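Below, chain A partners chain B and then partners chain C, in two separate complexes.
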Partner chain A sequence: MTCDSPIIRVNQLEVTYGEQVALRDLTLEIPQRQITALVGPSGCGKSTFLNTLNRLTDLLPDCKVSGSIQLNDVDILSAECDLYEIRRRVGMVFQKAVPFPLSIEKNLTLPLSEHGLPRSEQQKLAQQALKDVGLWDEVKDRLKKPAMNLSGGQQQRLCIARALALNPEVLLLDEPCSALDPIASRVVENLIVSLRKRMTIVIVTHNLAQAKRIANHMAIFWIRNGAGTVIEQGPAAALFLNPREAVAQEYLSGTCG
Partner chain B sequence: MILWSSNRLSPSRTDMLLRRSLGLLTCLAASVVVFVIGFVLVESLPAFSEIELSRIISDDTWHPADPDNATFGLIPMLVGSFLVTFCALLWAAPLGISIAIANEFYPSRFMSPIVRRTTEIMAGIPSIVFGFWGLTTLVPLIANIQAPGQSLLAGSIVLGMMILPTIVLTTEQALHSLPNELAIAAAATGVGRFAFLWHVALPTCRGGILSGVVLGLARAIGETMAVLMVSGNIVQIPGSLFDPFRTITTNIALEMGYATQTHRTLLFLTAAILIAMVVPLMAVMQSLNTEQSHG
Partner chain C sequence: MAKRPLSEKLDQLVGLLVRSSSALMVGMFLVVTAAILRNGLSGLSMEFLTTIPQDSGRGGGIGPLIVSTVLVLGICLLVSIPLGVGTAAWLSEFSGSRQVVTKSIQLSLDLLASIPSIVFGLFGMVVFCQKLNFGFSILSGGLTLACMVLPIIIRTVYFGLRAVPGDIRQAGTALGMSQTRILRSLIIPTAMPAIVVAILLGIGRAMAETAALIFTSGYVMRMPESVFDSGRVLSVHIYDLAMNVPGGETNAQRTAFVLLTSLLVINLCASQFSGRWLTGRRA
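Now for the complex of A and B:
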């Protein structure tokens, strides 16, 4: 199934770790400025897929990726493409909040300075990013204090701010709420929804209720022939109402997976 | 950290038995240290009454056994100990830290295992072997530049080689303890290897790296045999890298065999001074390690 104006087109993607095939024959389109939820049981390659979208798979020594991933007109997987550029355009937030063990401010300015922005610009963008994630009022008096002293929810919002400061076109979120308490989780979820106007969001979640609440588009991952792949994709509302595949139906209704 | 000290957690009989016996063994181990230090202090006490103690500072020379005109100047040897340690650290610390960084952050499939294995072997080589190598290889080389060869330079090269593995291994361990997620998060935001190393890894591991340097420093101050073989053992403040010198540790090793009366007492005093220098270093290292683990 296709969608209007996709920003990312994945075609025949295959990812292997040594002998083991993690993803095979994965074809998927991710619509621009919408929230795409990736759902499915554990171990079917959702996080691996997310990692291919900004080439974090490069960090794994025996990981091989083939197929194609088009981000607008750039092939992310091609050897010529500029990794720094890709990682500026495609931001990522992880399940566990991983602030750098530096000051709150430095957490935001370090990537900015790496991307060659002047110092005055860095502080402006950092401040804006903190405002975007609703953290500014909470931390404006202690920007020089260690980020590690923040609460779990605040740390996760700081990590989102760190990604936002680079003004990416696509934001990847790998179960960003699963380590948070319900209240902090709610704050982060609202934040994600509010970002939809500005950028394309791809979120891996195990929380189907969350997917239902926030996703416009959805892809269901499943294991087929020993490897993960997308078995069904489309507008979230339609998919929840009327999945074609029997396993998808069972998964979405909560009877399996 | 779980509160293992809580009694309620382990009320069983075996636990209590284990607790008691471990406590006893701990006391035994600790008491050895207390006895050693106590013994040294007791043996050095007579020095306070036998000579005017200020003479260890004011005397220029060290002739404690001279029956007519004994002198007790310890300063040249203290300076010797300090200088050789300092010079050893001066090259071994930056090199050791650099090797560890290279191993962790810029590993090469071919070189890194070799460097790592070599470092581990170096750490296990007895000091006398380093000294022997210094005496037969290094000293003649230095003598070619400027006689006699047995010199501050030889001492600091040999000492540096001995503390190098300590610094490499501790630094590597500190860098290795950084969570993988941090490096991944850095990569995901486009922060490159060098920026991650410089802005994140090194500041975070500062405590661990420094504690490695302090550990090396303590080992260097206490080292005796290797230095004894390459330092020339002349009691003087070395004027250049090529001058022979004597450290307080080698002084004890050289003279303990025949020292009597005041001379012997003074050697114990030297040992006490050595302890007084090393114990604060260990305390510093301890606090650095605590700082590291509390991040």
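Now for the complex of A and C:
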């Protein structure tokens, strides 16, 4: 099933780690300025897929990626594409919050200075990003203090702010709430929903209730012939109501997976 | 159930062995320190630390020798720190999938670390003193020591860099930061305690060295005027006074006391720093 105005078009993607095929024959479209949830059991390549979208797979020496991923008109997988530019346009937040062992402010300004923004601009963007994630009032008096001292939920919001400061077109979130308590999780979830107007969001989640609450679009990952792939995709509401594949039906109703 | 009394006895026996071996260790340290304290502390004064040695070292002080030691150490560190940190950074961050290269570097480091220091001394004499024509000099001695402490520094820094969690590299990369920037702004600062420990360990190793310096920086007790002068370091002085100068024992003990105290201070700093590193940062 296709969607209107996709910002990312994935075609015949295959990812291998040495001998092992992690993803095969994956074709997917991700609609612009919507929340796309990637769901499915563990080990079927959702995180691997997310990592291909900003070429983090390059960090793994024996990982090979083939097929094509179009971000608007740029082929992310081509050798000529500017990696640093791709990673600025496609931000990422991980399951575990990874604040840098620096001050709160430096966490935000370091990537900005790497992308060549002048100092005055850096501080303005950092402040705006902290306001966007609702952290500004909590930390404005201790910007110079170590980010490690923040609580788990605050750290995760700081990581989202760090990604937002670069003003990405696409934000990838790899189970951003799974390490948080329910209250912090709710705060982050609301934040994600509020970001939808500004950017495209792709979120991996194991929490089907969360997917149901926030996703506009959904893709179900499954193992087929020993490798992960997308077995079904489409508008989230329709997919929850009436999945075509039998396994998808069982997975979404909670009887398997 | 019948086994229990036996295994309990075994536990007790092992406990006893472990305890007595640690007691032996502490005992040995105390005996050595006590001997040097008793003999070395007497007559130790500011004058001893600042004046020139007289009568082949039987009289006078150790002023020039302290200067030589600091100079040799300085050259050693000036060369070994950048080389060591650089190699460790390459091994840890940039070697990628070049397993064969990294394995052979690791192996050669292990071998280098196990070479007796006298062999380094001969190597230094041939290469630095003769081939490069630096003669018996503080420069030759410092460079020889640098070769000796490099494996220690590379190893310690390497493990320090590897101990930096991988997700920091991943998060930095995901934000579009270059590998060099991640290394410079995130990984090196995080691993800084390990780098400091590596340097302190290197200093300790270099200051305690005698054999490698006899053939390279030489015996001369004069105040060195440049790094091309020969200069006698503290450990060589102790060796010479104890072995070749009848009646030099008292000053040998005093010098040993000075050397031991500085080493102790350096090692205390190192353990303090590494302790703080392990408990402080990861909270």
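Please note the rule applied: the second predicted complex is superposed on the first by the 257 of 257 C-alpha atoms of A that agree within 3 Å, B and C clash if a C-alpha of one lies under 4 Å from a C-alpha of the other, contacts with A are read in each partner's own complex, and residues count from 1 in each chain.
Basically, a residue touches a chain if its C-beta (ideal position, glycine included) is under 8 Å from a C-beta of that chain, and two chains touch if they have at least 3 such contacts.
Computed from a prediction, not measured in an experiment: that's the story for all the values here.
Undergrad: Scan A:Met148 for contacts with chain B and chain C and give back first, second, both or neither.
TA: So A:Met148 meets both chain B and chain C here.
Undergrad: Which holds for A:Arg213: it touches chain B only (first), chain C only (second), both, or neither?
TA: In the superposed model, A:Arg213 contacts neither chain B nor chain C.
Undergrad: Between chain B and chain C, whom does A:Val98 touch in the aligned arrangement: first, second, both, or neither?
TA: The answer is both, since A:Val98 touches chain B and chain C.
Undergrad: Just to be sure I read the superposition right, which of the two partners does A:Arg198 touch: chain B = first, chain C = second, or both, or neither?
TA: Neither: A:Arg198 stays clear of chain B and chain C.
Undergrad: Once chain A of both complexes is superposed, is A:Arg9 in touch with chain B (first), chain C (second), both, or neither?
TA: A:Arg9: touches no partner chain.
Undergrad: Of the residues on chain A, which ones does chain B touch that chain C also touches?
TA: 54, 56, 59, 83-84, 87-88, 91-92, 94, 96, 98, 100-102, 110-111, 114-115, 148, 159, 162-163, 166
Undergrad: Under the touch definition given earlier, write down the residues of chain B that touch chain A in their complex.
TA: 179, 181-192, 195, 199-200, 203-204, 295
Undergrad: For the complex, give me every residue of chain A touching chain B.
TA: Going through chain A, the ones touching chain B are 54, 56, 59, 83-84, 87-88, 91-92, 94, 96, 98, 100-102, 106, 110-111, 113-115, 148, 159, 162-163, 166.
Undergrad: Write out the stretch or stretches of chain A touching chain C in their complex.
TA: 54, 56, 59, 61-62, 83-88, 91-92, 94, 96, 98, 100-102, 110-111, 114-115, 148, 159, 162-163, 166
Undergrad: Which positions of chain C touch chain A when the two form their complex?
TA: 96-97, 165, 167-178, 181, 185-186, 189-190, 281, 283
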